[in-house]
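Naming follows writing order (A, B, C and D), and every chain is counted from residue 1.
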């Protein structure tokens, strides 16, 4: 195992970083044994719980790949970032935030209760299901294809290819997600849904079923890390104010009801999904004492064995280790 | 009014910053009319609702003072940062976090309900009253004087003088805070209090009654901004990991149940108190395009007219304006 | 107005009772102005808010009719008594009570929250919507017609005719009741529904749309009052233990979240519906000092103007007056 | 064991009833093994969990005693009936009910949560601790002695002797009941307490510590059963409307969060306490088919082994058996 944090600043090379990551992926892989793959969507149960992989992409094109990076997986709740971003781009930030709040919540991601307790108030934030379904209803379009097209275009521009929907997962989600249907009907009653429930849920299940890799997540994270600008083309793909809003949400609400602990111990904007994916971003700012190469990098993690909060159990530990040692915290 | 954000980078001087702040303090002072001074502690009602003042202190000693900076006020909930820091220094971070969580909550700061709903679980975070009272009970010492001494020593080291307790406020808090007593008894039942309730509450009321100025808050913020190091002496006053934990809590839970909106729109670690004070920190990292002088600065604000969440109504708007224009966001 | 409670026992005739009821219907009719007809189902909004009528049927065939007794109305939540009774007769009491509790609740009739707070526990009672929908799912049958047939047979036997479903109300309920659909999906997730949701809800909306008159409710109440036996034929139509269970539920949970007050001030088993109907039962026991003729009578009330709890505003006052003056309380 | 329910009506004697009760006390005594004595007040832990006793007193003086009727025990929550009655007699029913509601609740007896959820609303009912403490604060008097004097006078008149306060239990309650103190401070904040908290709690702990026997409870129950009139002296000791209100509360809220089940399965007004006592009342009305002698009787039960709801585990079963077989249900 690579040793020492002694004179990182002077001797670090990209090869050293790759080797460092390889060591720790190896180390944390055993932690996958402590978790369980998601069971609430039947197809997700088929995932191999022993997998762990990470991709880190830097502003200068550095591309670190380690572990099980070849297995595609569905994006799940990580899609909530991008439906929120697209809704803000299409409808304006204030229109969206009139319909969904940006407050963290101590409740689980699928809570209905808080909607009832808060009576006529809007969903807490776009990352709990009630908020995410509301956001999806705001997307322009009369079919799920139309609604999702701008998300696919965004992904295509950033990833260099157009990702697919995993039909098996989509069908499985559609058939089993009674809780989301309960939330949906509740939202209708509260008056928040702006498109028909079936269309909204169909779109929502499809957006969750988009298939990605850790490299895809790292590329998406890279754009988020750099204020919406793709560092390789210098093109602004997402407006800066929308990206910052999204990253604030990621930091305060991105890891379900472990978000506070992740902010405290890791301190970088990140978002997980129940398939075991995590997207994360390093801050774009330089600290003098920081490692070279990693400023503003994007990170994608995959590890389908989850902890009891629904986050990749080994993925979180790996991210925490790297973020701490490489001093990535925004704080 | 100072115009333009055009060529800030080349022409900014400290005088320009001072003048810019003066203009906007003037501008936002009228917003104080929309708020109300805190009424739940009788003595606080006497505050002049029209006041608004700010102090910004930079790493190089830059000291911008503007508006009503001469009126001392009690620190109130801002003290929760420092009792948490001292408890972590005395007992160790993990000991403290075994007794209080670090999760944000959608509930109001004085909620008992969530304790009951979560049954045997610990208070959500050190910044709601249930968590803060628990933290105060963890401070070493057999009297409130002993318990508070390390906080006073920390303040004395940073401020250059030993602040006083405002006896009127302390007595008023002690006599009127029945809700905190209800919370306290509930905490006893749950088994979280580590010192006697009367001692704990007495200490808590005293720590909330410490009198400070905007300059004091800016100096405290400066040390938090710079990883616990006082830039002028280079002394590490607070361990870096504890400071980062505190700043993560400030960002996720610092502004009561408007914390999420503050993180989204302002994006800097901050903490408010019901007397109308706010402490805030700029990130220690340099962005190339950022204004000079402001990296890692500490900020203290005072404006006793509060909004309906309990935060200084004009203070928040002033902070938001400056943080946005000066690009202070951590995201 | 008929005066005096002085020597009731010696001089009371059925004519006197009729005249007494006429007086007080007249008196309470003005109270309808204080209420509002139900608005959540569009068709119900068409009801004439000024109506107030009552029918009281005695064991010996006494039939007091007063006020607006000719307007048919839909049975709404009053049907929950009879779906519960039929489910108990079909599946056995213990089978039903394994799936729905019999505890009163301080929550509103359409609360989802308590299901979530109680986690895996069953709905509080058969009279809140979550419990009623669960009960309807337990009815035997593969179509709503099959499921409802035993309820219609029960009604036909007691009423002497087979009531109809009001198609307009049924269609209106089906189209608008998004909250019930939210509850339904939640119940699926909890595992309580024993027939498909669409079938269950369709059956539920139909059972709520059965059209009755005050005389019908009085006849149904008469059978409930007399331990399930029709006094005129001496036939046991409902088993005694099931009737008593139903009446206990009516007393503790029959009037939404005003059930406790109704038990305290009126003290007779009763159940209201949002169309403005109320069914009530006098106790079958004789008190020496009680008025003649009224032992074990059944009562039907109609007054579509509702109070803020969803109960007929004038109907409740009329019932309270009569129950108090005639000493009908079970206590 | 006494057999048969065959020809009860013709052959029942008081001796037969005594023998019947003896048999079933014997039978249910083994159920005490399934329960546990209350542990939250240390002194209560000393009770012998194997005890089970019952006293039934009839209007004509019939006095059935069976099992462990000689052990005195503290009245605990059963006192809430009598503090409520005395408060109504002193202040008027409407004054009391303006400060405490009469709605059942699905929550546990010591819940604070519902107070917070209902914001400024009053406690649900006089039998949860929040309501009972409010009621005790309404009692006239400047000392606990003065406040309790009318309760003692009521007891003395009914029991024929003045009961004592068990000092050990009182001291133990006072020292350990932090939850009640939390509730008390919460009530102060809501503005419901009409006497100082310490005085109120001191009075409350004392009223709970009054020592009684099953015979005492049966005598108290006898007066409640008969509309407030002592059948042996024909004196009205409690106004009829207050008694009926109390019995409605007993039926809807008397057995903690098993009240609904007790109403459904047993169907008589009853109230339990954590020491293992239960007071119950038979209805004052005659049914033709009912057993002789038992009309309007009062019942006292003692069995300190509790079920998980806090009710005497064997006592409830014994009461249910007798109430069912003797047809005591009010329904």
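Throughout what follows, a contact is a pair of C-beta atoms (placed from the backbone, for glycine too) under 8 Å apart; a residue touches a chain by one contact, two chains touch by 3 or more.
Since the structure is predicted, the reported quantities are computational estimates derived from the model, not experimental observations.
Engineer: In contact with subunit B and with subunit D at once: which chains are those? Just list them.
Structural biologist: Touches both subunit B and subunit D: nothing.
Engineer: Measuring between Cα centroids, which chain is at the maximum distance from subunit D?
Structural biologist: A
Engineer: Just curious, how far off is subunit C from subunit B if you go by their C-alpha centres, in Å?
Structural biologist: 57
Engineer: With chain centres taken as the means of their Cα atoms, state the distance from subunit A to subunit B in Å.
Structural biologist: Subunit A and subunit B have C-alpha centres separated by 31 Å.
Engineer: Give the residues of subunit B that touch two or more other chains, as numbers and ranges in rising order.
Structural biologist: Each of 117 in subunit B touches at least two other chains.
Engineer: Per the touch rule above, enumerate the chain pairs that touch, sorted by label.
Structural biologist: According to the stated criterion, the contacting chain pairs are A-B, A-C, B-D, C-D.
Engineer: Under the touch definition given earlier, write down the residues of subunit D that touch subunit C in their complex.
Structural biologist: Residues 101-107, 114, 118, 124-125, 243-245, 247-249, 251-253, 257-261, 263-265, 267, 269, 283-287, 329-331.
Engineer: If you look only at subunit A, which of its residues touch subunit C in the complex?
Structural biologist: Touching subunit C: residues 111-113, 116-117, 178-179, 181-186, 188-189 of subunit A.
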